[in-house]
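Next come two complexes, and both contain chain A; in the first it sits with chain B, in the second with chain C.
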Partner chain A sequence: MSLPGEKQTGREQTGSSGDPTNKGESGLVALFFIVGLAASLAIGWIVFPKLLYSKSEQPFDFSHVTHADAVGDCESCHFFREDGTYAGVPTLAQCTECHEEVQGESEAEETFVNEYVAEEKEVPWKIYSRQPDCVFFSHAAHVTGAGMDCAECHGDIGESESLKPYEENRLTGYSRDIWGKNIAGMKKNSWDRMKMEDCGACHKETMGSKGACFQCHK
Partner chain B sequence: MKINRRHFLALGMGATAGTLLSPLPWKLTDDASIWTQNWAWTPVPETGEYLYTGGACTLCPGGCNLAVRKVGERVVKIEGQADSPVNTGDLCGVGLSAAQLLYGPSRIEGPMAREGKRGEGKWKRLTWEEAEAQLAKKLNSLSDGKGVAALSAFRSGSVSALIQRLLDTLGSDRFLTLPSLHDSLEQAMALTMGRAPGEGVGFDTENTDLILSLGSSVAEGWGSPVRMVKAAGAKKMIQVEPYLSTTASMADMWVPAKPGTEGVFALSVAAAMVQEKLYDHIFVSTATEGFPAFSAWLLENYTPKKAEAVTGVPPAMVKKVAVAFAGARRPVALCGRGKGETPVSLAEALAVFALNALKGSVQRDGGLVKVGALPYAVAVAESEAMGEKLATLTEKGKTELLLDWGTNPFYTLATSKKAAEALASIGTIVSFSPYMDETAAMADLILPDHTHLEKMQDVPVRAGLERSTVTLTQAAIAPVMDTKHTGEVLISVGAQLDGGRDAFSWDDYESYLEESCGEMWESLSENGLWQGDIAWKKGLERILGTSQRFTFVIPEGPVALPAEGSASSHPLTLVPSWSLRISSGAVADAPFTMKTIEDRVLTEGVSHVELHPSTARKAGLAQGDTATLATPFGSAKVRVTLFEGVMPGVVALAAGLGHTAFDGFIGGKGTSYTALSGTMVDSATGFNCTWGARASLAKG
Partner chain C sequence: MNTESNETRAKKFGMVIDLDKCTGCGSCMVACSAENNIPVRKDESDKLLSITWIRVYRITNGKDFPDTEICYFPRPCQHCGGKHDDGHSPCVSVCPATATDYDHSTGIVSQIYTRCFGCRYCMAACPYHARYFNWWDPVWPAKLEESLSPDVSPRMRGVVEKCSFCFHRYQLARDKAYQEERDVEEMEYQTACTQACPSGAITFGDLNNPDHAVYTLKKDKRAFRLLERLHTNPKVYYLSEREWVRRAGDNYLSNEEPTGAPGAYELKGKGGH
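Right, the complex of A and B next:
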């Protein structure tokens, strides 16, 4: 609203659409719209993910291929303990069974043997697929019980030659792999993301029900 | 070209549209919602392989075996050991929350000497050499060893034997333990069934078919808690108690007798059994002595009608109980109010023995049984006149130096303001507590022991089990603090005493432990448990039945001890209420367990008293009111909770609260029942057998 006597601005000053001088202006308005649209799309799709995630390298590189060739299968290193619990990422003691001395020529192995084996220090691996603490997840139920393959959730990690950088969500502290690489949350493969809906969808499909809250959130 | 507001609006609209078409708002919303729930303080156990070590709990006398779960060098969970005959895989809340005590802020960092005033909390850290030398020097400097008293968590066992040896070297006979129900029961057993030193009393609740509980909190921690909770759930039960406790609510019959008169009630049931000829004639005529005189005394003084004046229980109800007790195949009568932490009068214990004997429930399956002495190679001589010696502790000027190993007398023996003052006037106080308990806080010298999860030590169990039992604590992890096994400290200090070198010649505690446990060691070290034979099932007795003789004894002292004070100034009666979730012994609950206490018992750090609505009406009180609870021994601010399950005229206060030391999660919460309970000395034993106190309750 304008005050009486004040110079009128805004809407009332704009001419009709038939005014030729305004044609160029509406083109300019459209341009501004497009600039705004493009900039925010760029921010949302490109800048935002870069800001949201911090990137860090693993303590040293690791080739699943080399190891799988040497030991044969996933279970040799990622095994179930006698009590049925899943051992997860191998501990130093397990690795040391083979790597007490440097065996090959890779720089990574040298780092491992000198900095960790010699110092008896556990390797602080950053785990891509670690679910948050509020989630109870049992590998035994899925692998031993339901007979699922590692790859159904972990994809082709077993065929990786080297380790990708670990990306951590600055807000939540979760690994990027939980939400998935695709910032829009789109997935092509079952292992692309592992949020609650993904667990639920698979459970719904295979078991007919998403399951109850307390099954995972104990 | 002029850029105006329209262009900015277009830019803004474009930006809005673009943002909405990008994942930013949706992803950010999701992340923000997760972020709001990411609390840094949420305790998350270590992940990794589970390792289990065995162990034993010492937080109460129950003797439960533990399975301590670890990840790496961190204790993450405590469970009951699955194959333990004592607790069969289960554990109470207090026992399993010990992991929090282990890492909690109430732990003492290392040996310390007092710097400021007593109880001020100013300490000087010492090395272990300095601390031990200081204690040895102090002990050597005493003119007379008689001024030294020592309180021990156990009556027997390896460390107790060392404590007694230390006192012997100093020339003191004041080896003390906190008295319990078992001290009364053992004296009653000596009179009725005969007792060799070290022998104890057990109740074969596994094989019984009816438990007549005379005020015992069977489901709230009496005896060995897991065992008894299971019994309470499985057996027929008659509960005699002025308060509708969990036990009473689980019982088949609840008999609200006036507080402190459970023993008289037992005698009235016995009298009814005699009157109605419901007793076991064969057992009484073949295996007992003194029945004619005893039954005559019963019928003269304790017929249900006469007893009603004392107990308030109508004769019909007494008869009903007598019929049920006599009609059961293998019933057993238990006594010891609450958790059995307080002795009962000798007369009351004798009444319960007599009641069991009338039904032949002694030395047989499901009955009251004799438990063999523990075959320690280093025995602890039984302390004569323990009741009087304990009373001396709370008399001013009688004690020059007090050693406390796991009894926390400033909480457990401070039954009145006067008693607390007397304890505080003791010349030198030495605490071996791993936790900053009330006694450690008042100590001059603290030589902290390991907790039961950090050391190996024998635990003689005195909890009414049917056979003699010793468990073994084990070091699940390396000590968290700079603590030292009290056994090691005693050996080291003992050797520094004048004339102590020969008496304490062991290299270390571990070799001494093995030696002291004698024949029990093999089983103890292998299984974490040693159990003796079931005495009444030995040899021929298994076939022929018991050869045990029983003497009916007419008690000399009063069965029901009167409460001190006048009815005009203190018209109500204060009784304790008990909970499986509140540790009422020397060590307080862990912070986690404190959070499980119901709002009707404790809110905002203030204890609630429970009373019948009619009692409250008379006192002009309503639900939630703040009131002052006063007994002849002290007073406290409390809140009022109305509960129809409390006898009119009775006020119930949860026992085990009101710790003043430990840490902010444990201490300063509620009121200590003990501090208000005062003393009721049983003339026959000298023990304080208090069951409650006269009390008044006024608004404000």
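Right, the complex of A and C next:
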């Protein structure tokens, strides 16, 4: 019995919206809805990403272009150790081979020689491509085994004249390069993101399967 | 060429433990804990709470002196292949999070701590009690933290962990093999427990490779596996001359004839795994 009664109330409400005063009200509601939606989207897509990542500068600036011109290729500084592991970012000892004395007039060079070379202190570089603890990434398998180019994952960092600020996710502590610059997770180039999905997609494409967990996890 | 075979030829890593050589010293347990960043608890004597990836059990033949005999039973994760060796291991098939999977190229059952959400279904499914739960975040005594291995990721509270056959050692051995464009050799990938055993009771290698010691040992007439009648198809083989030890491996009742059970040790040596 209560069902038809409810229906009637419903009809009454729809009927009342035809009333001119209520029309203005509903317009106002719609306006508030649109403004609210726009504000939430703006917060979600613009403000939140800015809050999510903290920005910090590297200890001093570095030009890959200058160094690549001087030493020739990536492998001179970023090489494989004898046991097959990858050395990654050069140690102070490697840099000191050339930089015992201040060369040129750049401010970064002066900072480097005075604060690190003279003090024999390793440079606390912030690694853009640092993967989480549970990941085992084999440079040997990708570079030597599969013959991949550095740029396929690292992009054009080798052609950069200065270092970009390091952005760290405040929640996870990971570098922004893992999720990628695009907050929606869109990617145009193979080096835009370094998530497990990206590893999986490439493995699937080139090897036919994403591979077992223990291939890349430890 | 060699790097290609590195990728494509399926391996099946396994272990053969000679129980007649095992003295129960526990070196394997110690070496394993040190290698795999296993957390220590204030009271390690409480075995309900302490974690160890390889546990040494002690069994006896139940006879009175002077006929009493004791056998020590080291038990790592058995890395079960499932009935048809298709990766249908008890734990893998129940995990709702795909936090543990079977690697068909190595035969190793993985455990991904960041993926596990701690339901402990796998622990219930595992017939060997090889899995352990982290009830607390690990706390290492001061200074010990500095000796942790960077090759093994530490576990957090609320996840399950287990023996990985020291898989990180294979990852590192493979790195070197890639650089030298060859395959990983038998002695390059050995688990920590294998190397620590003072009596040489543990042998480790590729069960599919005729050049590896385990390939011949697994066909030995003394060889058996734990709870074979469950068809879990473990990759850990045990050797013992003693009949009662072999019977204990499948928990036979005193009036039961092992020959009747499918996959019992008597059937071993007919070329099956």
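Methods note: the second predicted complex is superposed on the first by the 203 of 218 C-alpha atoms of A that agree within 3 Å, B and C clash if a C-alpha of one lies under 4 Å from a C-alpha of the other, contacts with A are read in each partner's own complex, and residues count from 1 in each chain.
We adopt the following convention: contacts are C-beta pairs under 8 Å (C-beta built on N, C-alpha and C of every residue); 3 or more make two chains touch, one makes a residue touch a chain.
What you see is a predicted model, and the numbers here were worked out from it, not measured in a lab.
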Chain B versus chain C as contact partner of A:98, first or second or both or neither: neither
Which of chain B and chain C A:118 touches, first, second, both or neither: neither
Which of chain B and chain C A:85 touches, first, second, both or neither: both
Touched partner set for A:212, first chain B, second chain C, both or neither: second
Chain B versus chain C as contact partner of A:141, first or second or both or neither: second
First, second, both or neither for A:71, with chain B first and chain C second: neither
Between chain B and chain C, more extensive residue contact with chain A: B
Shared contact residues on chain A - chain B and chain C: 83, 85, 132-134
Chain B partner contacts - residues on chain A that touch it in the complex: 10, 14, 24-25, 28-30, 32-41, 43-45, 48, 52, 81, 83, 85, 87-88, 91, 132-134, 169, 171-174, 179, 183-185
Chain C partner contacts - residues on chain A that touch it in the complex: 80, 83-86, 132-134, 136, 138-141, 144-145, 207, 212-215, 217-218
Interfacial residue positions of chain C with respect to chain A in the complex: 3, 6-7, 100-106, 108, 110, 112-115, 151-154, 164, 167-168, 171-172, 174-181
Residue ranges of chain B in contact with chain A within the complex: 1, 3, 5-8, 10-19, 21-24, 26-28, 30-32, 34-35, 37-38, 42, 44, 47-50
